[in-house]
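Just below sit the structures, each encoded as structure tokens.
Same chain, two partners: subunit A is paired with subunit B first, then with subunit C.
== the complex of A and B ==
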């Protein structure tokens, strides 16, 4: 039994009006604990609609979401409990900061779950530490921080609720490479610590290839591909057909392979490509190769 | 909940009313309002109502949407009607009387008239906003008010209409933004619709503060973008789209004026349900 299963999920906007639109259509996939799923697709392919279903902010028109063996809409009145199990970090989460201090803002989520006293303090501080939010920032106003710091505080605000599944919608949009690196390594740390299931929506194939073990490709509200990262990214032409790429290094190797058919490898990251090339050229481990 | 706001919204359709000159539409709205209040008896009020209904049908916008715009103001209509019910002089025995309140038949008629008038007011204003893009509308307001420049208010008029344009333009953006922030705070376990009044007001803070901050940020960005495109107020500004009066604009004026005639004549001769 999988930890998180999405069954035939369909959502239609404006049912019964002329502007009726099927946003996501018959989506099914399942994830285990500790999985990192990358969701890719064009603008308007239904990514955001899908992720807002996962914590019950939206109710499916049909289909179901099974979390830990239970349908999340089994008892509609208790949907709030689902929000503590499935954390959702929206795009540009820094725009939701509102408290006087960073500490209070991170505490907002766990407080809503009823945490108090030392338990609350512990969850705030551990989330802050995880997101590399230094202690001296905790007493500052969130509006004094830099863009990257704000983003990390906002993410800490969700992680402080200690969710088992965390969904990130474009967590690194608009950040510099160091900012991206910090956030991805923090996400990896959180996953390791809690054996959490992570879902990342991103436009960057490189990021997806580097951090995800499974990939879901959406096209026009439907599942185009779902499977482990390597299998999905082996559909180079299929992905190109729906206007999506593969990581640059993968497509570079596709081109090299066209000329050197004996080169049998589809690396997903530059590191992978490097180690493969080294062994291929038989130079074994020389850094300047 | 936020999706129910239809007042002040524009609906795309290709109708005679959509194509009328926005300046005319604005003035005709005022004209129609005058008619609504000039109508003093059942016949004249019915003819104005008929004209309004015809205009609404001509817009090719579903009646459902008009009903939606009324829904919000029903309390106001009821309030006005009830208030008017008691405002009548005692020319006959009261129908009902209790304590200091006395209801006369003329009061009931007055209440009915008031309700219909307010209803028509709302519907006619909806016709204007439903069929005119916000830009056209503010353009029209600026033009209609432009004679005020002779008393030195030219700049003020331009500034005001620019502010209105921007405000109208950002209503959907703000609604969008509010939805996003509400979702984000709900995802953090915020409860927005339970608890007492104090709890409810407190629950609004996590939404209002980010909304206010992003509005200010947006305003700065917009101001900068406008300055980058050399905006410096209304002075010497010309329009790409010039408005021209067409035959249909004059014709519609004649139609409304014909109803003015009907109303004046019926006010003189018809004595049914006089207010």
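== the complex of A and C ==
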């Protein structure tokens, strides 16, 4: 049974005013525990409106969000409980650090959920370790850290609440390749350890192809595509029509297939492409052949 | 060679309470007038420090930075240097000062004490150069990231600089905004002959450069034409940078013993190289 289901979700900003705008329109999809969903779409396609609904920061105009079999808005007064189950990491989360020390900043979330003593300490330290925040940083002011370290501390603050679903809005924006790799591998570790459901909003098709098993494409507030990663990225021309690309390696193979239509391969990663070519070419074309 | 900016044995360190962080040491490099230069480097490689040294926003601890032969250490040259070398930074929201696009672009020229007609001319030309003229009366806060960054560039163009330094101008943009900015900068270089020094993480943006420099830990570890640099896949990866998937695939094919050029980024060129490889293998 699916763990998180979004049913016909619609949200209209400024209902009854001249600036009325339907931000998301009749969105439906569902995810299992352990799924990693990539959400792609242009600026203004409704991605942020969608993800802020998932932990009850925004209320649907119509439609529903079912988490673990229950409508999250069934008892509106208990919506706060949803926030401990669905963690939301905003874009540039390092701008939200505020405490005196790194430790206190990470502890803020779990403390508000009522954790105390050794339980609190354990959740802070395990989230810090997971995000590769070294022990000696815990007593420092968050403002003394480097950009990459701040980002990891901010994410640790969300993971310390042990959410079952974690939504990341552009978690690697502005980071260099090593910084990106560190964050993605930490997200993968968290998912594995907790069998968590992960949702990642990103502009990088290459990153989505490498880490996600499902993809949701939004266009003008509607679902353009939803399905497993390979199926979604096989819609090369459909994605191009709405101005989105596919991973560079996938589009490279589309160009090669224009000349060699019999080639049966739509790789999502460089290694997939390489192993296909190596077996297809055999020894032909090699310098030593 | 006609160099617009020359760094001679420059050292620079940031001071903090307990220790000094030396970012650059005995660093020397020159940039030729009219060229398009790309500086690649990971976080902390010293590339932003380099950017700020180029127009005297920070001054070297030892050594000299000279722009058109004038040292940035000389206070009297400061204004001339900052007029000659404009800077564009990473975050578009931190660089706009007015609520209307054309007023923002006019901010610089107004402070030069120019006549209203001259300001009008410069603002219009600058906005046309970045393809934002039709949006000149729009509110700046409603623009997309790529549009904001182009307005920031127009603000620099209106100062009629000889050189523009851009420090990761696309890091916060989506792919569409990224392309808009890079296309704009390329056009300014080709059509107006403005020297460009573009600092970035993205090797893709170096495809059309005249010269590419790779920085790591405060040193230049590679310096040459794009095709020379792109073939050094292992060196670039060891400097903490990523390589476009096309270049990476060709490099891996070459490593596996296939006879391919791996100094390309363009998907079209890469596709034809691999098509040829397939044709050749079918013949055998």
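Simple rule for what comes next: the second predicted complex is superposed on the first by the 282 of 289 C-alpha atoms of A that agree within 3 Å, B and C clash if a C-alpha of one lies under 4 Å from a C-alpha of the other, contacts with A are read in each partner's own complex, and residues count from 1 in each chain.
We adopt the following convention: a contact is a pair of C-beta atoms (placed from the backbone, for glycine too) under 8 Å apart; a residue touches a chain by one contact, two chains touch by 3 or more.
This structure is a prediction, so every number in the text was calculated from the model and none was measured.
In the superposition on chain A, contact of A:46 is made with neither subunit B nor subunit C. In the superposition on chain A, A:252 contacts subunit C only, with no contact to subunit B. By the touch criterion stated above, A:179 is placed in contact with subunit C alone, subunit B being left untouched. Partner contacting the larger number of subunit A residues, of subunit B and subunit C: C. Shared-chain residue A:95: touches subunit B; no touch with subunit C. In the superposition on chain A, A:38 makes contact with neither subunit B nor subunit C. Shared-chain residue A:171: touches no atom of subunit B or subunit C.
Put simply, subunit A touches subunit C in their complex at residues 42-43, 146-148, 173-179, 203, 206, 243, 245, 247-249, 251-252, 255-256, 258-260, 263, 270, 273-274, 277-278, 280-282, 284-289. Those residues of subunit A that touch subunit B in the shared complex are 52, 55, 57, 80, 83-84, 87-88, 90, 93, 95-98, 108-109, 112-113, 143, 157-158, 161.
Residues of subunit B that touch subunit A in their complex: 180-181, 183-191, 205-206, 209-210, 213-214. Residues of subunit C that touch subunit A in their complex: 42-44, 90, 144-145, 168, 171-172, 174-177, 201, 240-242, 244-246, 248-249, 252-253, 256-259, 267-268, 270-271, 274-275, 277-278, 280-284.
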